[in-house]
Amino acid sequence: MTDLLPLAVAVPLLAALLVTALPRQAALLGVLGAAATTLAAGAVLTAVWLNGALTADLGGWGVPLGISMRANGFAAALLAMTALVALATSVYATGYFADSPKAVHFWPLWLLLWASLNALLLAADLFNLFVTLELLGLCAAALGALTGSADAVKANLRYLLVGLLGSTTYLMGVALLYSAYGALDIALLAEHIAAGGDENNAVDAAALTLMTVGLALKAALFPLHFWLPPAHANAPAPVSAALSALVVKGAVYIIVILWLELFASVATASAAMVLGLLGAAGVVWGSWRALRAARLKLMAAYSTVAQIGYLFMFLPLIAATPPGPARDNLFAALVLMALSHGFAKAGFFLAAGLVQQQAGHDRIDDLGGTAQQMPATTFTIGLCGSALIGLPPSGSFIGKWLMMQGAIEAGQWWWIVVLLIGTLLAAAYTFRVLSRAFGLEPTPLRFVTDARSEIPALMLALTAVGVLGLAAGPLWTLLGLGAGGAA
Amino acid sequence: MSRDWSLLLGMLLALLACVLLWVLHGALMDQPGPRLADLAAANVPYSGVSNPVTSVLLNFRAYDTLLELAVVLAALLGIWALGPAVPGFQPSGPVLASMVSWIVPLLILAGGYMLWVGGHAPGGAFQAGALLGAAGVILRLGGDPRAGLPDETMQRWLAVAGTAVFTLVGLALAAAGEGFLTYPTDWAKWLILLIETAATIAIGVTLAAAYVGGRP
Amino acid sequence: MNEPWPLSALLPGAILFSSLLPGVFIFLVKEESHRLRTILNLSGAILKLFLVGFLILGVYEGQLFQSRLTIAPGLELVLHADALSVLFVTLSTVLWLITTVYAIGYLEHSPNRSRFFGFFSLCVSATVGIALAGNLLTFVIFYEILTLATYPLVAHRGTPDATRGAKIYLAYTMSGGLVLLIGAVWLRTLTGPVDFVEGGVLSGMPASMEGQLTIIFVLLLVGLGVKAALVPLHGWLPQSMVAPAPVSALLHAVAVVKAGAFGIVRVVYDVYGVEYAASLGLLGILAAAASVTIVYGSVKALFEDGLKKRLAYSTVSQVSYIALGASILGPIATIGGMVHLVHQGIMKITLFLCAGNYAETLGVHKVSQMDGVGRRMPFTTLAFTVGALGMIGIPPIAGFISKWYLGLGAVEAGQSWVLLILAASTLLNAAYFLPILYRAWFRPAPPQWPREHIFKTRFETMGALLWPPVVTAVLCLVAGLLAASPFSPLEWARLIAEREYGL
Amino acid sequence: MTQLLLLFDVVLLTTLLALAVAAVTSPEPRRAVMLFIAFGLWLSMVWARLRAPDVALAEAAIGAGLGGALMLAAARRAAKREAGDSTESAGDSGAGGPPA
Amino acid sequence: MILFALGIWSFLSHEALLRKLIAFNVMGGGVFHVFIAVAYRGDTAPPDPVPHALVLTGIVVAVSATALALALGGRAQDAADHD
């Protein structure tokens, strides 16, 4: 049973090695590897669903000497999201990179990226997290620069450097923790920190600050987001999808773990408030820039800055809510928002990539005819857009509903104002795109359809809007939370 | 960035350094406990190698090392993805050429020694791999545009060899019921040596190829 | 209680899906497949009509229809049919069928029909969802979906005007939706799930919460008032007249404005409870808003030359009768408000369909161009006359019944000032409708119409365009003449009032 | 004896810091890389002194050695490009990157 | 620590890629040095091997990242020249 966890990393890793060694069969082997990885992730999800959290001691040494992996509900949910998004992106990529010499380079890095994401989500060790972060950062930057254009290379070089700065800062925090507690395992450290009381306050605070700042840089928390839009907007579409939907979430995932688990006993509400306010600033600023963006993919990238901001706004609310169903609901809402954004943004980028390939550009103002020629893609953009806005029946609608509920209960009404502004701006930028589909251009008699590329995007959109919005209940079970009830 | 900003930033960061130094000093003074040192030392005899660092790297925390090999591979793949290599330098003069001809075998030999000695004394796969890589670098400086590397297919296979052997050993152990990367004590030494050998070759090839800097 | 009939849990969902599924399939239909699309459209509409027939009978007998779906712990999607839902469901279902027939004719050769009918069906599904919503969450969800589904219909023509109108429409309704959302979430944190229950659920709340409840009421009212076009939130409605005629007909007679008005009724009766709302002094706010809207809308209509714009302002005014009815404490006024929900719907759809006929057949868009249309298009103009007279409140047409009960209820509740409002509005109605009728029947026709289409039929225009308004006009007459017979809108409104007041 | 050792340590650390400052402040690329390599080697000496011979070896071979070699190559390429640019000679003779 | 701060300062205040990378490596050196210092337990007791292993891993990762960054920088230059 516990061998499942390393399997979820080993399978994409081996697949990556195989496509590296056999570049001629890259696409075929890549898709097979993607399917196998999805199966492995599905197995982990099922096991967590049936048995609760899993841990695996690698090497049989046990903590603190060895490394362990673990999968709780949170990790399993993100793992499953990663698998579905990555699978859809893989299928899409076979079409996107068909007849392109880039395919040979795309597949190994792509599978390696996937392996690093799985490793990150399943890691239970702070240093192990550092290695996965570095692997993730390297793969992401390399993939982002795949188009080879000067803009893309420059943006992704900056992304790589920022990521290195962030992860080194994070590592300094890890060093401090190791020097104080002599352990690297998250659960063990959390015990030590809780038991330490006030004794090591300075170390805890310094480590938390260093690690959070380092990760916030990678998570593009305002005002450390400057690198994200050019990097994500200039990458090839499948890569943008993964970068925005998955890679950024990796850093957010670690921050959430740090604040809600590792440093739960020492993280103060006022410190969480700072993060929340930065998140709120990110929501407003990101949405505003998205509205002003001239290009479709740039718009989507700024929207990621905004959507990440929402996730940070949950932290002060959770800190202000006493343990109980209300807090559980907030946590579940946080996960739900992260999942919906993952699906929706991936779908959006994939669709945007099709538009770009069809039109030869992605300037929003000139997309009228293209939007009408590609009804399925336009529909996908609409669905994803409504999930980004937070309209029902998307998962983010429930997330926003629960966030507002939590804000009212905690008496922190200002988050609602932010939510309002963010939602209206999101509606404005989404409909700025959609209104292009209703222009005066002549109705095309034949639509451009490419099922292999359009269906994955549509599936992701439907997951964000339909599945998560109407059947979010199992998520609570998966996260091991009691039914929220009338909170 | 303007000078003033740079100065301000410098002052702020100097402050940060002082704070961190104070924090670290406090942490080191407060708890001069053994941390993991004693635990690790106690388990080294069961790890299959006697060099404690190697036993941490390839046994206790082998998973980290596996991912680390993947990082090296990722860097190489990223470099390959950027296009073909820049052509090499002009063929070197006779002095350099003769130097190359004796220094390269020496480096390879030293690499092999480093690999073997890693089990019980300072050394190991990474250092050995680095020496192999260095041999490649010197070959290229000496005028060989390919830095002594084999053809593309072979390079690809060699580059993935380390990670592949590592992962396969891990999975085989899991399949045998031991658990992922859990070596039986009796076999540990040989399994580690196997992994290290593959890793050394992979690292050497990868580093040399990274130095060449482009798709073969 | 009685054993739940297995169908009882399925019927509300089935009614919803009877338009949703055809809608989804219509998106996939090729532009040229006229016949397939028509079959899908009509079969959905007719199937829905049958299902609603079952529902009417069942609810009349006091059966419980409910479908529940838990979307997250504590958040449930509830479809629930009570007497009030049935009133609105029936209205939308009948008018959907009629408008669909009309739209098939109206859009005969225009582009993007699959897209149009797809969203048209989604729009009706959302309306039915609003009608059947069993709690505030479900209501909010369908309310937002309605916003989404109508946007493409308003923007359908793709002209700069249409794009602009759609943008304004979206800005208003989106902001309104958010305000509604805040109110709904806030209310939920105070009370838990807000199920719609006849008689209200809040009357037991402690006195300390009254301040918050008042603020929430205002939030909900503003949110709903945007769609119900309460002044000063009505700005989108005249702008969205750029939409094709069937859309205007459906939006203004049924879907959007009625969704808002229906929501106000729901909040007053089934959330706050009319007595509790009165005790908090909330009804006064509503009455004031409704009265201002009634008079303002009528005055604006007087000065509009564009036929559809005049009708739009008339809608602004007339829909507020429903809110006015809800704001007066007493069963008779309630009956007046409820029955107007239906009556205004059938009258206004008649008027809009006729306006569409004039535009499509003769190219007439303005009141000033309508000289002599009565002789050119007698059936259409007859239908228009019935609708207009009904709006004014001439017996025996349906509109008279509404106004009669509203006035009676106001007197009964001791709020005679309402009579003044009614009188003023009736005079204004007459002032902006009678000149049109005079022009249409008694002025000579111009030598040439702005843009005339000659259809090769026996009648003045295409059958698909002619019969729908005629049918709805007949409905207006029947609803007025047979108001006392069972299952008439009036009798049904009486049933609702009885249940709401627990009589 | 201890005092001598302490003095040794202080000198070691001071030199290390001086090298680091020199490496990051030096504006001329090749000089900066040279200083960086020196810094890396010096750091490995410090680590050897701290009884970490494995790491010292790795830093010397990988960090300072290969890292330095990579950077030197880059610095040289940059210098060559600059020279090429300044003389306006037939563009970049070396780089043969394909169009994207 | 001082190395770490120096590295950050230099990283942020220099534009040129090469200098940024030197800064990054100096910064990394600072972090690694903290680990090594933590591992050091006097001249008599054997040092803690775990931080040593971590640093080894860190060094390799840092060099890989440096290599990729240099390659990206070179490619950016080439692309800029071609445009």
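Some observations on this one:
We just call them A, B, C, D and E in the order they show up, numbering each chain from 1.
By our rule, contacts are C-beta pairs under 8 Å (C-beta built on N, C-alpha and C of every residue); 3 or more make two chains touch, one makes a residue touch a chain.
Predicted model, so just to flag it, every value in this text is computed and none were measured.
Each step here moves to a touching chain, and the least such steps from chain A to chain B number 1.
When chain centres are set by their Cα atoms, the one at the greatest distance from chain A is C.
Comparing the CA-atom centres of all chains against that of chain E, the greatest distance is found for C.
Relative to the whole-protein C-alpha centroid, the nearest chain centroid is that of A.
Contact analysis places A-B first among chain pairs (by count of C-beta pairs in contact). Chain geometry summary: the mean Cα position of chain A and that of chain D are 37 Å apart.
Averaged C-alpha coordinates put the centre of chain B at 15 Å from the centre of chain E.
The mean-CA centres of chain D and chain E are about 11 angstrom from one another, to the nearest whole unit. Chain A and chain E have Cα centroids separated by 27 Å. Of all residues in chain E, those touching 2 or more other chains are 2, 4, 6-9, 14, 21, 34, 37-39, 46-47, 50, 52, 54, 56-57, 59-65, 67-68, 70, 72-75, 78-79, listed in ascending order.
Of all residues in chain B, those that touch two or more other chains are 20, 24, 28, 34-36, 40, 53, 60-61, 64, 68, 71, 74-75, 78, 82-83, 86, 126, 207, 210-211, 213.
Those residues of chain A that touch chain E in the complex are listed here as 65, 127, 130-131, 134, 137-138, 141-142, 145, 148-150, 153-154, 156-157, 160-161, 164-165, 168-169, 171-172, 175-176, 178-179. Residues of chain E that touch chain A in their complex: 4, 7-8, 11, 17, 20-21, 24, 27-28, 30-31, 34-35, 38, 50-51, 54, 57-58, 61-62, 64-65, 68-69, 72-73, 75-76, 79-80, 83. Interface of chain C with chain A (complex): residues 27, 31, 69-75, 77, 111-112, 115, 137, 140-142, 144-145, 148, 151-152, 155-156, 158-159, 162-163, 166-167, 170, 174-175, 178, 181-182, 185-186, 188-189, 192-193.
Chain A makes touch with chain C in their complex at residues 325, 329, 332, 336, 375, 379, 386, 391-393, 397-398, 401-402, 404-405, 408-409, 416, 420, 423-424, 427, 431, 434-435, 438-443, 445, 469-473, 475-476, 481-487. Those residues of chain A whose C-beta lies close enough to touch chain B in the complex are 2-3, 6-7, 10, 13-14, 16-17, 20-21, 23, 56-61, 64-67, 69, 102, 105-106, 108-109, 112, 115-116, 119, 125, 127-128, 131-132, 134-135, 138-139, 141-143, 145-146, 148, 153, 172, 176, 178-183, 199-200, 202-203, 206, 210.
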